[in-house]
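Multiple structures are listed underneath, in structure tokens.
Both complexes shown next keep subunit A, but they swap its partner, so subunit B is in the first and subunit C is in the second.
Showing the complex of A and B:
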């Protein structure tokens, strides 16, 4: 695959580059203020959106001009504006040079090679220490799951999530300290990525040991022979007679191909679970996937909030923060610079709570509100973190689930579902 | 109760490095590889030597190899390959990592990334710089590292010696005055001489008029407190762009000194040939020059190799500093310079080939070198004694009277003094 032809610069003549001594003359007001050394806040968002628009309108000169400005001002090691500019610039560059697919594959392979179980786990735990971004979903889901499985003695939790089991120790603890007899817990974890599969090898013995310590009769199963969530079948899960099934789906469905999501949810319904807990980040890169500008704006909106949150949660020179920021590049490139025909089935197209709710209802699930107790637990959780976080309860009738909000922007959605009568 | 976690630093491959060991390994290995690269260039530029087996699993060293391969790709205009390799590097090397090698790779990768993008776009012009922030960072650099003070004090000494014949008026032109940190020390010595201070006129140049005026105010107020007669002229712009000497407020009868502390933060002077022409036109009594021992000329690969060697050494030299200050210097001074050298500089961008070494050019164009004296050497030694890592720095007296300050075996900054034989009196 000759990628270099895409890199032949349309503007080079005589083998040299155009050198400009003065400030560019064709500037918009945002570019002028950006040229004042980035004094105006949110300059990155303006330049990026203008560039995306120019790209969409095939206005080559304008696009080049904006890419130049972004390239000069961006830095992955600067302030939030500079970081956002740096990562989105990379995605725009990939798109402009038609190298999105190749870049995405490179990013995936680098991630697989450079992260070890220890580093991935340490990263998640550090993130949980400074931000409720992931623990929000854990607390909401564990609470709802425990309530739904109350009184049952044979529990089977099917875990389809990205959290490397960091959510389960708390649940095991809760089961162990129940006043009635400790139930038997079967935990089936579904791993579809290479990283998750190899992590599970380390996690299995730890989980079993922990359950033993807690005195909870425990069985831990890993389903690792799938490449995509769509391949998961009811049979593979070996549900036993008399088991109370709970499906825990945290941050995993967004990785499924958009066209497969329906069948995955229908498969979940076929398990006849007592409860389904679903948590996803509140962003939509799915329904707008054929409209570059709209998708770009949504992607920018979401990641700007995320980066802002990271900046305020971690120390300035935190390596963990850097790793989390860098992970975003894969998602941004995938969503903005690749068409959907990439072989890897990791679609990374998030959907909002409203969209997931529609899918769940279509498949025959009804929403259940989180109980007062669980809401109280979530509120208590948020109090443990720095200011800026809040809990948003559904306001309208058709809204389901609860939201974690950062500076009043809903960022994570947690919901509970039961099969409709 | 959570399962126990194993803990070390950042968790990626780089953190496996034993920290103290890698500090000088980096510059040693870079030197080894660059020598080989230079020797091998005739044979096969694409074939790279493998790293010294200091530590087989040394992730930082293998990243450096990828960085080299990337530089070769860029020099061969193979932007697609370069971009791919840079994506890799930019996902793994961290500028907050525990080893200088990793941090160097992180900053170089960012600079080369910028270069790939602006190569593709086809436009290269540095956007306006935040000089205030750059100067502030340079100030921190001055505090944690002896190089800037070395430049200031050895130059001041050379100026004092060359002007020992009680000039009535001393006119100093500072080609990039910044915050004027150098001058109070000189003023103090002049003002406390038995014979009293001469009238001092200063022409300060820089890219921001506003900041120049601020510097002028500070220096004027300092001079006033010393009871010294002082005049400050701000000239905004680059020295090489100045059309003729009169624009610099030179006057007949003044003893003229031109001072130039070279750096790579931005282009302070403009085209070299113009700068030289103006210097000749000025015909100063003294030119004090402090150069970075890094060639700014040549092809991209030449500059890459030179700057990698140079900055690796600098990173090694600041490794022992307090972490927050070290980080600030690395990010705001060294990273800026690396970016400027690799992403912005070079003949295909500025349209001109920078000279490799100003000392050689001055010697060839009519200037006569004056040796840096024993007193200058003593000044330099005093400065080194102020710094805790003093034993790693090396002070070397060079041929023809230059004075170089470096780290271990590598010279980093060289001070020299020159005179124009028939120096003009305007």
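Showing the complex of A and C:
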């Protein structure tokens, strides 16, 4: 089998996807990784880093050699190393052949075609059951929001997030079961992607029904006429007199173009909210976007942790796990092989808590610590999952927010902000 | 209970017309005997736990009787106060917190322990925390009761999925397709006597003692610190979600959620006589509802003798946008309960922990207060649930009613 030529002449399959023939090589890989130095060997990251370095140095021969090796060893159906190798290999290949944009667009359209509301719902809920990756942010934010809006009778929560409303049932239940009078809740959800917009059609009636069931006076609005977050204006949100506004920003700001983030945050400030809850994944693909190797390393670091977490949280043969891994491919290709001028306005350039904090402070927000009660709720939440998760509280004074950590690596950041006096 | 039309919540006990019945009986909580002496203790006194101190060893006791008995151990002279033969004026206690519902004498509580617990729960600091779920309690016994069952409960969705975690259950429920169907049935079923039947079916499972003549007052929630939810704005669900079963000590039922196997038999024994005709109805499908109506009415009348509590129908009705007409009260109630029931299936699952005892007790009390004799027919769906039991869909608790049949008419 002449893998060299196969590699250099990649097949373009029907989906327009650059297809690198990867066969599940379970037996080969195990022996290979054994040869590499034992079960713990992180051969994938080593090879990938070297390849990225070679690419950046324009060392063509070395790059080709490493790509070939990775191709041999990688598999999206193997162990974590093999998976990481497989997905990053794809991104590297796209970068090398300058086909990142096309690859990304194909991946996006394939995903849109194959996902339905049912499958998305199943996926999200399953993920939330096996891992606190997303529920951490929900619990921290709901708790902080409820505390900030205590005593108010007209609540307006502006939901700029990727949660597809999975965070709200528990909040509705909390509102319904409070000992004082249940306030009126108006929930405005901002949807910028096609997938989110179509999902909202299914989610709207469900949220309304659920609120009715809970006995919470409820109004649900979806803003679906935007293509990007930067287009959202204060007027579009129609804030009413006497409403207590809370902005819930979970996993959404990273999708805004890096250059637009400042104005989005300023717009949030103009709403004069009682509280802003912000949750983002703890990774930085933003400040290093012009340094390929550095960005690559960070991307690799983050996704290695993520894949490891997925591996240990889901069952071995889980379909949901596979789908989540595939979603990562989209993100990795987007970050590493596309320039920022791609038309799809879904950036994936994550920033770390410290970076977001700086932005929020510049816009006139001050950090507020999560209360003891909320921190306890988060701790209780983590107890309900398998071992490996921990809560990291800010150590220094300038570090704001709390972190969810997987095997002691901070992975998700949750914070609370109020307008400064 | 049924006789006390005068004890509807809003009335001042001093202006109520009926004279106390000859048999000594407990009043509904928070609706005191008009002749009672109203006592207002200070917060400090209420919170003080061991006011009676032994002069020898300094040990504190909550009641004088306990101290006296203790004094025997020191060979000190002791005397237990005899109940005085002449009529002792009954005492009722008000909550010192201004703005609290029980601050007013007309809503005083009859039991010292009750007012203490109420004050703690509603106005006190929640010092006790469950480590499993981070729930906080002001009263240590509430916390202990909760800790026993926390994490042992299971929640079952209409779709059949079972959850061990409440938050996953809640989230799933909101997105579950079974929810959509359920609501459709609620609005479609304008008369749903089955609902009440289920109620009754559910009732004896946990409280066989309830099936006694009404004078026994077995339904008295006792010392509940209670919060009357008479506000029309108060969402019905707050009631429901808290109306989980009161702690087992309440009804002196030592039933442990893990031992559900004994329950079905027990239930069948007590239920069969009353509901045998109805059992078939329950398991029938939606179409049989109309025919079940007659037997439901009969059942209701029967049950009226037994006594039951209910939530305020108007609130629930309002929340479901169902009209409340004056005729056909039974069916109305059924209708309301229908909606109530379906939601309570959701919420009692949620609220099944002793969320805050005050809430559950208050819901109970609220409901008891709510009803007049004519309406007093339904058992709270959550009463059967209790702090320890799971949802009404009866995870292992309800053999008579197949869960799917509940959905059938809901």
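One rule holds in what follows: the second predicted complex is superposed on the first by the 381 of 421 C-alpha atoms of A that agree within 3 Å, B and C clash if a C-alpha of one lies under 4 Å from a C-alpha of the other, contacts with A are read in each partner's own complex, and residues count from 1 in each chain.
Heads up, the rule we're going with is that a residue touches a chain if its C-beta (ideal position, glycine included) is under 8 Å from a C-beta of that chain, and two chains touch if they have at least 3 such contacts.
Note that the coordinates shown come from a computational prediction; the quantities given were computed from them, not determined experimentally.
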Touched partner set for A:377, first subunit B, second subunit C, both or neither: second
Touching partner for A:209 - first (subunit B), second (subunit C), both, neither: both
Touched subunit A residues, subunit B compared with subunit C: B
Which superposed partner A:93 touches (first subunit B, second subunit C, both, neither): first
Touching partner for A:236 - first (subunit B), second (subunit C), both, neither: neither
Partner chain(s) touched by A:393 [first = subunit B, second = subunit C, both, neither]: neither
Which of subunit B and subunit C A:173 touches, first, second, both or neither: both
Contacts of A:125 with subunit B and subunit C, given as first, second, both or neither: both
Touching partner for A:64 - first (subunit B), second (subunit C), both, neither: first
Contact residues common to both interfaces of subunit A (with subunit B and with subunit C): 121, 125, 169, 173, 206, 209-210, 213
Residue ranges of subunit C in contact with subunit A within the complex: 122, 129-134, 136, 165, 167-168, 170-175, 179-180, 183, 227, 231, 233-238, 240-242, 319-320, 342-343, 346-347, 350-351, 355-356, 358-359
Residues of subunit A touching subunit C in the complex: 121, 125, 128-129, 135, 139, 166, 168-170, 172-173, 176-179, 181-182, 203, 205-207, 209-210, 212-217, 373, 376-377, 379-381, 383-384
Residue ranges of subunit B in contact with subunit A within the complex: 1-3, 5-7, 9-13, 78-81, 83-84, 87-88, 90-92, 94-97, 106, 110, 114, 117-130, 133, 327, 331, 335, 348-351
Complex contacts: residues of subunit A adjacent to subunit B: 3-4, 6-7, 9-12, 15-21, 23-24, 35-38, 64-65, 67-69, 71-73, 75-77, 89-90, 93, 96-97, 99, 102-103, 106-107, 110-111, 114-116, 118-123, 125, 169, 173, 206, 209-210, 213, 317-320, 322-323, 326, 329
